[in-house]
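The first chain written gets the first letter, and so on, giving A, B, C and D; residue counts start at 1 in each chain.
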Amino acid sequence: MFGNGLIKGLRITLKRFYGPNLTEYYPEVKPNLPPRTRSSMALEPEKCISCGLCVNICPNQVINLTSEKDGNNKRVLKTYHMNIGRCLLCGLCTQSCPTGALRLSQEFENAVYHREELLWDMIARSKRSNKPSGEEG
Amino acid sequence: MDALNNVFVNIAAYIRGLFADSHSLSADLTINIIVFLMLFLIMVVAALFLSLVERKFAHWVSQRSGPNRLGPHGWFQFIADAVKMLGKEDIYPANVDLFLFKIAPMMLVGITLMAFGVIPFGKGMVAINLDLGIFYFLAVSSISTLALLMAGWASNNKFSLLGGFRAVAQMISYEIPLLFSLLGVIMITQTFNLSSIIEAQKTIPFIFLQPLAFLIYLIAGIAETNRAPFDQVQGEQEIVAGPFTEYSGLRWGLFMLAEYGNVVATSAIAVSMFLGGWYGPGFLPGWLWFILKIWLVIFIMMWVRWTFVRMRVDHLMHFAWKILLPLSLANIFLTGLGIYIYQLFIPRIGG
Amino acid sequence: MGTIVFFIFAILAIAAASGVVTSRNIVHSAFYLALSFSGVAVLYVLMNADFLAAVQLLVYTGAVSIMVVFAVMLTLRGEVSDSNPENRKWGWGAFISVLLFAVIALVVLTNSDWRVLPSAWTSGGSAEDMSLLLLSQFMIPFEAAAVLLTVALAGAVILAKGVKENQ
Amino acid sequence: MIIDGTQEYSVNMGPQHPSTHGVFRMVVHLDGEVVTNVEPKIGYLHRGLEKMAESRTYNQFVPYTDRLDYLAGPHNSLGYVQAVEKLMGIEVPERAEYLRVIFAELGRVASHLFMIASGSLDICGWTPWSYCTRDRERILDLFEMTAGNRMTLNYFRIGGVSHDVPDEFMPALKSFLDDMPEMIEEYYGIFFGNEIAQSRMKSVGILPKELAENLLITGANLRASGVQYDVRKAEPYGIYNRFNFNVPVLYGCDTYDRHFIRLLEIQESRKILQQALRDIPEGPVVAKVPKVIKPQVGKVYHRVENPKGEMGWYIVSNGTTKPARVRIRTGAFVNVQMLPAIVTGWKIQDLVTIFASMDLVLGEVDK
């Protein structure tokens, strides 16, 4: 009969109208992201051996690092910059990192007002506390 | 209860009493201005509040919480909306027909406000107790087509013009079943006066005598107020916003005001024609019953809106001319037959 | 009071009517027509013919939108701001209009039965009396008008749709 | 179509129009409300992905493949990594194959749900939209839990997948599959069974079988026109030949069938997912692949059944670490050409429905 579908639809919406709501109240209640979420990068400079693998694997030339040799002819990280505005957050760099110095973190509120602020100085950022990512990153 | 029932009537009588001659020109003028302001306030507050309720409803239906920032559970959001709309820039594009562009939203609001004049919110609580109440309502609301067309044509936008054309086609078509569906009630009561029609429903609301007419009225009323599933005029998905595409800020706000004002007016007419107006169980004052019944009709309209999808424009026309119109004519015929039989039998039974 | 309102709306109606003929934009002309009809509706109210006023709004003003649609549809080809060109024979038009007006005025003024009721119909509102008149004294013209309109409707449908051949 | 005396009215819909699903632009020629012609204009989202592939190594290009059809990320990368594996002759571990099937089918379900959602939104069905997206969220949560991102997963690697799934993945997937019939019932109740929606979609925008074949339409659009053709059956890739599923076909050729067949395909995907969940073995998830991927000189063409149509990857290798040429055949790009072919004579409202039923994703059309 014509109208059956209409009444069924009305019944569904009425059921949902009285049902619970699924909204996440975001700024008040922060979402609990799974440990593998790729939402920003974190670096532990003491672990970094400046091998440059991350620079090479990055598909978008996001990472830019310089190093200098210390007394023992060992390379020491000097600067480590990421142009996060170009970053795809694909995670290839963290997978290639042999020492686990570069990690993905779950800090997801990355919006900034100016484009220049997207040029992250990872060493400076590491001084601030970053929530570290899960075991594999 | 009686005092509560007549509180507004008594206030009006008191204000009249302040004048030496309670029916002088100045007394009438004062009362009329007060009533006008009251109606305007009712319309503005109802429209603003409805725009919030609509969003809340839409979100509840889809299991979300809706606006939830301002006030308890976001129930003060409409104030923020009003302030935002007042503060926005009034943009008008190049090459619009400036006069028509500017006057169209004002005209629409004015027409809606005019329609509010005959709505009896309670016993004796009607701004103008016209003999022709319901006919006046229909006559006035028929002009709103013109305002929508003005907006659509003056905007100098192709989407707007399409919207304006759709407004003409749709609203003129649906006016006919709307009018005819009300005719049954008028035949029974033999009057156009809304207050008398409500008085006649003291024993039984006309929805029980005229269920088909109520259904037709509700459908045609939804179509007249341009709400889904009949919101061809501002079909977002095809013609962006129809006649409102180029409007911004307060002018757009006026359109929304008129839309929700129309919703309230249409529901109020439905309540007074079919649902027994201010009559209800005695524990609440009459005007509260009236308002609660309006909310019931608005709830149905919103429920339909957030469940159904939009009809196609040619199906819409078919629906009006091939289904609703014959049905409403049949309803008139049946009503006439019923009245005849009633008059034939009642004297013999001894009623 | 009534006189002031009368003059305001009478002047409005006449000015709008002159706007209809002088406006160069045909859509504006149509909207002026709506304004003129509305002004006339107010005049009806002043003459205590409120039913007629409502009908005037419903039928005449409401239907102007259709005219606007036709105006837009017929003239979108060119520049719409110059879509209602002046007619060179406007003198003749004015002459005939004035003649027509004079004849109507003469008929109205000499007809002794023409009067404005001091108040609205008392028995049961103007609608009731009018319907009684329509269904008793003017039954035949009323029915004839109804038949005529039906025929016109059918004719319009046939003209628009066309008749299927071989049937 | 043009009647003497009325003017053709051309309206520019898009690239910023509510119903063009991204940045599609069409110039619509109208006679009143009736569409006389449509000229699709594409390229507003052109990112040069094929050229980008030539300047990146094989591994580096994997994250970009998700961005083709961003509503069904996994399936795009599946096509790419399988093409490279075919070129190099890499054997993928069993568990990785099963995980690939699970993710690809989940991506298909997500894409189809979104298609139904946006299709209903295009005829003003706001509530069906939010029901469909509500359930799609659960799939995206599964993705995020495993791969780290919700839409652009970058989960598949040449030789396997990036990591194994976490422990809570399988129960969550199972409960999602268990809830699926109820969801489908709900979509049917509110959208497909609704008479107004049916009147909007049934016998609108007919794409006859011959025309569909001549225009090389693929995917669900083809199957809704009565052709039983699915790459998963016709030329099974990966381990699709191990699963028992049907290829739904509808013969209505109209907009309704093009929407409805997605619902049927979701049910078929559910079958595949259940079988995969039952049969998935333990084991490694990535094969032993050389660190530097350097295929021998040669070329490969590999095709997969994307939710939007048949997707083909043509990769030419010149023996270096970067491909010499990559050509992507995307279903949506080819499917665009059915729009002008079937839309003539319908109203502008139907244009929107027909456009929605084609299920275009501009990332795939413009590449």
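Worth a mention:
Here is the rule we go by: a residue touches a chain if its C-beta (ideal position, glycine included) is under 8 Å from a C-beta of that chain, and two chains touch if they have at least 3 such contacts.
All figures in this text were calculated on a predicted structure; none of them were measured in a lab.
In terms of C-beta pairs in contact, the better-connected of the chain pairs B-C and A-B is B-C.
Of all the chains, the one whose CA centre sits at the greatest distance from that of chain B is A.
Nearest to the common centre of all protein CA atoms is the CA centroid of chain B.
Separating the CA-averaged centres of chain A and chain D is a span of 27 Å. Separation between the centroids of chain A and chain C, computed from CA atoms only, is 71 Å. Chain geometry summary: the mean Cα position of chain A and that of chain B are 52 Å apart.
Residue positions of chain C in touch with at least two other chains are not found. Counting only residues that touch two or more partner chains, chain B has 61-64, 306-308.
Under the contact definition stated at the top, the residues of chain A that touch 2 or more other chains are 6, 9, 12-13, 16, 22. Taken together, the chain A residues at the contact with chain B in this complex read 6, 9-10, 12-14, 16-17, 19-23, 25. Across the complex, chain C meets chain B through its residues 1, 27-28, 31, 34, 38, 50-51, 53-55, 57-58, 61-66, 68-69, 72, 120, 124-128. Per the touch definition, chain D reaches chain B in the complex via residues 9, 11, 17-19, 33, 120-131, 134, 190-191, 194, 196-197, 199-200, 347-352. Listed in rising order, the residues of chain D touching chain A in the complex are 56, 59-64, 127, 131, 134, 144-149, 152, 154, 162-163, 166, 186, 189-191, 193-196, 198. Of all residues in chain B, those touching chain D in their complex are 58, 61-64, 158-159, 162, 228-229, 231, 235-240, 306-315.
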